[in-house]
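Multiple structures follow.
You will see chain A twice below: alongside chain B first, and alongside chain C after that.
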Partner chain A sequence: MKDAFLYALGVITLIIIGIDIQRIAALPPEAAQGTIFKIIFFHVPVAITAMLCSCVALLGSVLFLITKNFKYDALAVSVTEVGLAFLAANLVTGSIWGRIIWGVWWAWDARLTSALICWLLYAGYLMLRRAIEEPTQRATFAAVFSIFAFLDVPIVFFSIKWWRTQHPQPVFWGGGSFPPDWTRVFLWQMLAMALLAILMVSVRLREEESQREIDSLRRMAHSF
Partner chain B sequence: MRIVRQVLTITAKDLRAELRTKEAINASFAFALVILLMFSFAFDPQEETTREIAGGLLWIVFAFAGTLILNRSFARELPNDCLDALISAPIPGAVLFIGKTFANYILVFAVELVSLPVFAIFYGVHLMQHIGQLLFVLALGTWGMTVIGTIFSALTVNIRLREVMLPMLTYPILVPVLMGCMLLTKGLVNGQPIGPDTQDWLKMLIGFDVMFTAVSLILVDTVLVG
Partner chain C sequence: MALFLLQTADDVAREIGRLQRNYEFLSYGLTAAWIILFAYVMMMLARQKRLKREIANLRAMLDEKR
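== the complex of A and B ==
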């Protein structure tokens, strides 16, 4: 049942991404920036998905601290890993865009810097987990760190914004506008990335479950 | 009242232990000196541009040197199971945490105060123009650094690669504090007092300090007891 669900989700996600790519290719180049502008259809949805991941990670961490149920710890770690991958995709697509428009791979602009710091924060989360052997302690400390990291993100974001920015204002909140057919493609793409994240998290969750099962079997074997 | 006394007891204990052995504070100050020396090779100290980035350099020195003290804070309690004794003592975890934070704060601040004139002499920076504001920024930044450093020192005390993990986890979290302090210090040592354009950073520093002190106090029992 669960496998069937995962496969179905995978197929649906692939189909949507396939159709999206076709549609994105069919759109005309943007007036000012040309074809490279279309990278926004990946760049922004992966960023939003990564942000959602960090919210779910916080939720999982807090729930773990309250309930001490390892299900939530598994959720937190899975979602953090996937979020980190999406944030990396965001950084890479942004970097490609920057190379064409700004002429440099990396500019120390506000959003780039804050995205990088977020990446480092959550990479620290995974490093911390690696360094702790005992499962309860690992889950607890990781949850505490996740809460600190989540609270730090908005402060990082605003303080870096004050520093000086050359990032283009976001299309959706910064006064720019998208023609309706572009918006439609964008929303589909948003859905596709969210589904992809859910798929990856589910696979990762199952891995965590099996890991726990193996651990308990091993403990049982040792006790005989 | 009792809580204040308990906090002071923990602080006094930590300070006494440190001042008798002087292991962390000596290492930290020596390390600060070495980094100051290294920077003189990386950036020409005679140049005007170096003076402009001096505020930033200073906080890198403080962050590095502070980590040495913060690393020792809970690690010192490991031999003879002192940490277990402290945790089982009839005081709340928050008291233990705040007591240790105060002790670390005093130690880190002391190292900063001693390195500050050395830095001024080496790099030809004028500290006295706005010394009051500079000390205020120093006090706020150091508090943010010690609060985060102390809670993470408790978090990393029992794990592998403790010495590496602490800075790796704390520096990204401390980015806003370090940025604010670097920017304000840079202005202050170059003769620009905190004005309307920079006072937002001061507010951010205060907000960071208050928020993370509160969060640490809430979570410290979870970290210490589990």
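== the complex of A and C ==
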């Protein structure tokens, strides 16, 4: 992607985030939980963004195995890395919310445990890539591992429906609702996180391009 | 009456304490999350810099060989 587009995307994202922070600060505290509830405006959008990243990683991995085109492998690794950062932010914000509401930093319930396993699986994916030198073998093994890792994503998503968990039911499909102005802020924050992820993935894709250039230059250097 | 006022003052102090703790932890949460994302961006930029340096070195080496 062109530099100008990336800079424009960055500026738009920063503006939306800035406006969102102002709007979130202006909202009144929630009746039962108080101010800490506002963490939901960060905790949930980063979780949804991380899940979208894992869906794109699955798509990239499957497409790589079918076509053997390295641009899909580059996409898979880029979204996985960005998704991992977002999932880490999700786990940390959730833990801090839990300390206030549950009185503990961590509970081994189905949602939290499956999300942690998901993070570990995708971290394993990145470690696996570092362990294999040969590019085709690395991309193939990584794609298979990514498909395997994705099996945990539906478990994370539906865990609060399938089991009785300490984690609260979702606001939107768990019978709850937000006031309209809260929903608006939430959706804007969702957009901001998605744009931030797109920006990060675009930058990360460039690194993959550079890495491929290095690989080809090394091959040329060896052939002399 | 005095007992009632004392109890009310206690309740108000407890509520203020709860609100402060709430704000404190909200700021911890948001700060931690932004630090994670910012650290990742910094890591990416550093890696990009290293890759560019490596490309320049390889090109220089190839030019020398030619």
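To be clear about the criterion, the second predicted complex is superposed on the first by the 211 of 224 C-alpha atoms of A that agree within 3 Å, B and C clash if a C-alpha of one lies under 4 Å from a C-alpha of the other, contacts with A are read in each partner's own complex, and residues count from 1 in each chain.
By definition in this document, contacts are C-beta pairs under 8 Å (C-beta built on N, C-alpha and C of every residue); 3 or more make two chains touch, one makes a residue touch a chain.
The structure presented is a predicted model; accordingly, all values stated were derived computationally and were not measured.
Counting touched residues of chain A, say whether chain B or chain C comes out ahead.
Counting residues of chain A touched by each partner, the higher count goes to C.
Quick check for you: in the superposed arrangement, does A:R204 touch first (chain B), second (chain C), both or neither?
Second partner only, chain C.
Could you tell me if A:V92 is touching chain B, chain C, both of them or neither one (first, second, both, neither)?
second
State whether A:T35 touches chain B only (first), chain C only (second), both chains, or neither.
Only chain C; A:T35 stays clear of chain B.
For A:I155, is the partner it touches chain B (first), chain C (second), both, or none of the two (neither)?
first
Touch test for A:F224: chain B only (first), chain C only (second), both, or neither?
second
Applying the document's definition of touch, where does A:L196 land relative to chain B and chain C: first, second, both, or neither?
Second partner only.
Mind working out whether A:V46 is in touch with chain B, chain C, both or neither, as first, second, both or neither?
second
Which parts of chain A are in contact with chain B and also with chain C?
No residue sits in both footprints.
If you look only at chain B, which of its residues touch chain A in the complex?
Checking each residue of chain B against chain A gives 148, 151, 155-156, 158-161, 165, 168-169, 172-173, 175-176, 179-180, 183, 200-201, 204, 207-208, 211-212, 215, 219, 222-223, 226.
Once bound in the complex, which stretches of chain C touch chain A?
18-19, 21-23, 25-26, 28-30, 32-33, 36-37, 40-41, 44, 47-48, 51-52, 54-55, 58-59, 61-62, 65
Considering the complex alone, what residue numbers of chain A touch chain B?
Result: residues 65, 117, 120-121, 124, 127-128, 131-133, 136-137, 140-141, 144-145, 147-149, 151-152, 155-156, 158-160, 162-163 of chain A touch chain B.
Touching residues of chain A toward chain C in the complex: what are they?
29, 33-36, 38-39, 42-43, 46, 81-82, 85-86, 88-89, 92-93, 96-97, 99-100, 196, 200, 203-204, 206-207, 210-211, 213-214, 217-218, 220-221, 224
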